[in-house]
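Letters are used for the chains, namely A, B, C, D and E, taken in the order the chains are written, and counting of residues starts over at 1 for each.
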Amino acid sequence: MLSIDGINVYYGNIHAIRDISLTVEEGEIVTIIGANGAGKTTILKTIVGLLRSRTGTIRFQDDDITSASTAGIVRRGIALVPEGRRVFPRLSVADNLILGAYSRQDKDVQRDLAKVYEMFPRLAERRHQAAGTLSGGEQQMLAMGRGLMSRPKLLLLDEPSMGLAPLLVRQIFQTILDINSMGTTILLVEQNARMALSIADRGYVLETGSVVLTGSAADLADNDEVRRAYLGE
Amino acid sequence: GCGGSSGTSAGKGNLVIAMVNPLSGDSATYGVSHKNGIELAREEINKAGGIKGQQIEILFHDDAGDPKQAAAGAQKFADQKNVMAIVGSCLSSNTLAMVPITDKAKLPHSVVSSSTPKLSGISKYFFRMAVQDAQVGILMGDLIAKKLGAKKVAILYPNNDYGKGLTAAIEDTLKQHGVTVVSNQAYLATDKDYSALLTGIKAQGVDALAVAGTYTDGGLITKQARELGLTIPIVGGTGFYSPKFVEIAGKAAEGAIFLGAFVASNPDPAVQSFVKKYKEKYNMEPDTFAALGYDQMYVLAEAMKKAAEKGAITRENIRDAMAQTSYKGITGTVTFNDKGDWVRPYLYITVKDGKFVLYQ
Amino acid sequence: MTTALAPAWRQSLTRFVHSPRAAVVFSAVILLITFLDSLIDAQDYIFSPYFKHIVFVSLIYSIVTLSLNFVSGYVGQTSLGHAAFFGLGGYVSALLTQLYHVPYWPAFLAAGVAAALVGIPLGAPALRVKGPFLVVVTYACGEVFRFIALNLEVTGGPAGLPGLLTPSIAGVSFTDVGATGKELFIVTALVFALALAFFMSRLEDSRIGHAFAAIREDEIAAAAMGINTAYYKLLAFCLGAFFAGLAGSLFVHYLSFVSPDMLSSTESIMMFTMVVVGGARSIPGSFLGAFLLTFIPEGLRYFKDFVHLPFDPWLVFFGFVLMVMMRVRPQGILGADTVFRR
Amino acid sequence: MLLLQQIINGLALGGIYSLIAIGWTVVFGIIGLINWTHGEVFMIGAFVGFLLITHFKLNLFAALILAMVASGFTAFLIDRLAYRPLRNGPRLALFITALGASTFLRNLAAIIWEPHSRAYPPTLDFSVMTLQFGGASLTVNSLQVFIFVVTLVIMAFLQWFITRTMMGKAMLAASQDIETVSLMGVEVNHLVTITFWVSGLLGGAAGVLVGVLYAIDPMMGAMAGLKGWAVAVLGGVGSITGAMVAGLMLGVAENIASVYISSGYRDAIAFIVMILVLVIKPTGLMGFKFEEKV
Amino acid sequence: MLLKTEKLCKTFGGLRAVNNVDFHIDTGEVVAIIGPNGSGKTTFFNVVSGIMPATSGRIIFKDEDVTKVEAHDITRRGMARTFQNIRLFPNLTARDNLIVGRYSRGRSGLWDGLIHSARLKEEERRNEEMARELLEFVGLTPYRNLMAKNLPYGAQRRLEIARALASEPELILLDEPAAGMNPREVDELLKLIARLKERGLTILLIEHQMRLVMNIAERVVVFDHGEKIAEGRPHEVRHNPKVVEAYIGPEVDSLVKHRRH
């Protein structure tokens, strides 16, 4: 479904992504784990065209999207729930969610809105509050909800559990599984590597901009190196 | 080097005079008219053989309405030893910034506007052909009190030296004639909407309105007054005289009375010849700035001729000659009093069928 | 863009420009321009009074640009009302010397102090009003000052006040010294500008400089670091106003004339662009911005006469250059990327 | 009654301020840019309208429409050539670019069209209505009524568009975070282009109306732009109703102040009112109330 | 008792974000605040640290009433904090962020700066030393000259902690310091906090990562809907039914995976 081939991304003269290739098959949950600064966020931003690779190609459902515009990429069915939430602070919760559905052609927005509210009752309570005044966790829920509103084929999640209470973390992961089972492919970046590996099919391990290890989630979870470096055991 | 320089036009090159004026920015319209008038006269003089065989050349410096830039221009020309005289700027504050420099350089300096009293007698080298607020004010007051027979009058003026000076003079005269000045209010020359003031004036029930402004604001005031149903006579100063006044006020211009140093419909052949040439060259009617500029160039030319007769065309000689000026031009006979001011006659003008005619 | 990316020549140039040596070279050049005529006793001017005039004006604007850096550079508040302080300084010393016959130097100081005092109420909105709102407020404050100067009787109304006192030192009038009478003015402005530059370079690296930087970057975090943001913002406004007021005083007594045009918003905008063109927070940049934007229009006049352009191209050119410059070097010609020096 | 007449006069002037301010505020509200060129876009509209009427003898209505298009196109070009390359750059760079573009256009216009004032042909005079109320009378210029109504309609439409349509919401969002808005599948460039067109159309309309009512000159953009900007800010960032209310308020305040205080301080009073309102309510009259979350 | 609040309230319009909270922390203690999202933890920090005024109630720090004291003054009195949404000085380098962090411990003024006084030099030397030490301490030495905005997320978090430490506080408030860190990094953070404790610092932290809370906190305070609903030793709190219900959730071993086929 998504295949990335040999990309290199720079910030000025900082070489942040070095020759990375990775694939995500339809229906999979794939996770990328790695330390701070390994380049996980950079990869996701490159996929949606917020950053540009100097080399290589990115293909989505057989289309070359390497140089497509961000909006074009999103309209093809990729959504990114960005790191740091990035909600629109002065718009209400409801408006933030509705904007998530901007690229959709169908008019069934209300039903999905109801679904998101059902998933996160706190957002329903706060639907008229300015998003910028929500608590950190509430904003995270909103960002996630907004991502779902576009009914993406491929959902890119950048640390969705950050700042959530344990109860909610579990709930979020359950949600990820649920939407996956309803047909959405997922590429997940998580610091909570244990949880990520427990729900993913496959994983990539990233170190200073390069993929150092890849395999099924179960294998990775058993790998000593991974256990020591990322699971803190 | 040494201090103030008094140059001569030793060689057989051109005779150079310089102009500092707003040629861009808000006040450019005055500067450009002035420049046009001067240029026209210069061409005539040169065509007629110049000054004793020497051609006159003009250098321009755009001060953009900023005194700082006017001062820079004055300094630039003061340094150029071949510059024999300087003219401008149209704006009082710019001229005030220039005078200390031209005075120090002993450079004859003349203007056609800059009406602030602060410039009277400011320098031995400074000559002003500008209209005199005091005189115009008296004439406006006389008109209102005697010819129009008004008893209650309102005055509007732009909040600048010209407006203030003129208003003071009008008010004095009216008081002497026993006319009541019901209100006298300032506005900003950049305003476009005068309905607030005019509504107030309408409510006061005066029998005449005096406006101490220029053609843009005066035109808008006249137009808006008529629109508000104010039918009383409107009397302006010399600033009204411009084809733009009629253009801006439209039909409302009919019957407005004001004073002029010059009127294009004056049957005097000299005036008609000027108007014709001006229209040919610039494709528009001359206004007061243009007419005064035209005369100013001739006054300078006369002074240079006299200087040449006295020996050499030097800054000092030109100054001395200018002090003695008596030149009959299209705006009257130019003479300067001991303060460098020209005390001159004026005409009453009115608009009839969209044309300026003498008011009887 | 980080400095590490800049080509080597630019790096060494930048380093030179920021070194004390640059200040020495700069002063030497200015002094040479100022006194060359008297040194070689030329028949004619080598540097004409006009040229010296432009140099003096550039120096005055260098001071003003430096002073605006307190507000717009250090604490990062876009101010389009700085001419108000410049003009206020001018008017205060003009009125003191003309109406109350105060000698020049006390009036000069008073001009700075008065401007600084007015800096407090003018800076106060900045405590509450932010970003684009502050731009409007500073602009409006400047305009209000201009209207006051236009309307009051004592300030001489729109035409302003002519015939101001010429400064003197030990009884010697400035205009009586040197080949053109401008020399002492230039030296005074130069000393003033260099002293201010020195003051600012020291300040930048001091604790106060750190507080300014923090406020510019994030006010809430700055407060959390123990920085009294209100105090420092006002301090920045006061310091900026103080030096602008002094510069204004020197300038009007040089021209021997002051008018409301000095307070105009066009002036304020020009000052702000000098900061931006030179590079915000860059001391050599302030000089560069002021000199460039004073010299180029004069240069263009010659160009215009030379090619017989029927109009003055400066403002059109200026507008165009600003646009191009923001594209190629938005941080200004000498704008620094790193913040504190070591 | 006198006061009432002054208020009516003020409303007419205020209507024009509002029209200009709404043009400001839509751009301000979407890319957070102090679009200094709006005054010039307005001036170009006034001149194009003037030329169409005087040289091409078009009627007022046709000239108005074409002038609006010309202004819209100018605004579009300004965005395309000057702003777009800097979209992701620092805000300050955009602001300076706007200053530069405005200086450029204004002075270019002064060179091309010469600096003097001119008026639209007098044939366009609009009728003046006088309403009688028991002894006293009120005068209203029909064009002023027209301007007032047009402004109201435009305001209502834009208000609806921004708050009720998806695209309007996207515009609001874009002013807060352009990068994230593109993540919603919004073509930011289209959005911005539309915004500039809208702003330009409004500016052009205001330009022609001012021309018909008063007089025009190449420098007219400076003061009008400034007032429009002040009004936009006074009304609150991106608030259409705010711009409308603030425009009317300022028009009335100026008129009343010029009569009861001094006309010489007219503009100063406008600015003082604005400073006071902003100091009391830093985000403008109808600006978003928002205590920053830390 | 180092810090104490009495009946502290903070409302936003009709919303009671912090409601009648009585809280205290002793010198040298490590206390964690936990609670569901939006329960008022961050707001509590904001009020205590002076960033927002309290609606009612009292705050006592080092036996002085600081309810109305402004943020900058609070810091000077020895309380420092980090922010949940990182608020570094984005265009300053890591090192410069720390120098600014030392602001409240400086004494030098305008004059010292002008004449480069001995006091200033001494201060600069100490600042430099302190910055180096702190960068080392949080493991950011390699990032020393990078602008804060260009650091990876985790590094920014640690830099914020270091910046708070730079003011030599007695009490440090950490708002979700482990957010965005992987388990190994959390372990390092644990060690870091332990070392802070050794230095005698009093630590109050908000955290959702139970691993961290369980390992480091001596006492846990639980917020829900702006109120303090429980308090006690970590293991007591963890099994408190109210807390389980509102915050931790029932123990489930694994997530349910509905695989499509």
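Quick notes on this structure:
Convention: a contact is a pair of C-beta atoms (placed from the backbone, for glycine too) under 8 Å apart; a residue touches a chain by one contact, two chains touch by 3 or more.
Predicted model, so just to flag it, every value in this text is computed and none were measured.
Minimum number of contact steps separating chain A from chain B: 2.
The set of chains in contact with chain B as well as chain D comprises C.
Ranked by distance of CA centroids from chain C, the top chain is A. Averaging C-alpha coordinates per chain places the centre of chain A 51 Å away from that of chain C. Chain A and chain D have centres, each the mean of its CA atoms, that are 42 Å apart.
Chain E has its Cα centroid 28 Å from the Cα centroid of chain A. Computed centre separation for the pair chain D/chain E is 47 angstrom, with centres defined by C-alpha atoms.
Among all residues of chain E, those that touch two or more other chains are 12, 42, 51, 83, 85, 87. In chain A, the residues touching two or more other chains are 133-134.
The set of chain D residues touching two or more other chains comprises 107, 111, 262, 264, 267, 291-294. On the chain A side of its complex with chain E, the touching residues are 11, 14, 27, 33, 35-38, 41, 83-84, 122, 133-138, 140-141, 159, 162-171, 173-174, 177-178, 181, 183, 191-194, 198-199, 228-233. Contact residues on chain D toward chain C in their complex (touch as defined above): 28, 32, 34, 82, 85-86, 89-90, 92-97, 99-108, 111, 226, 229-230, 233, 237, 262, 264-265, 267-268, 271-272, 274-275, 278-279, 282-284, 292, 294.
In the complex of the two chains, the chain A residues touching chain D come out as 48, 50, 69-72, 74-75, 79-80, 82, 86, 88-91, 95-96, 98-100, 102-103, 130, 132-134, 146, 150. Residues 12, 34-39, 41-42, 84-85, 150-155, 176, 179-187, 208, 210, 246-249, 252, 254-260 of chain E are the ones that touch chain A when the two sit in their complex.
Those residues of chain C whose C-beta lies close enough to touch chain B in the complex are 37-38, 42-45, 48-50, 53-54, 57, 150-151, 156-160, 162-163, 179-181, 255-257, 259-262, 264, 266, 297-298, 301, 305, 311-312, 315.
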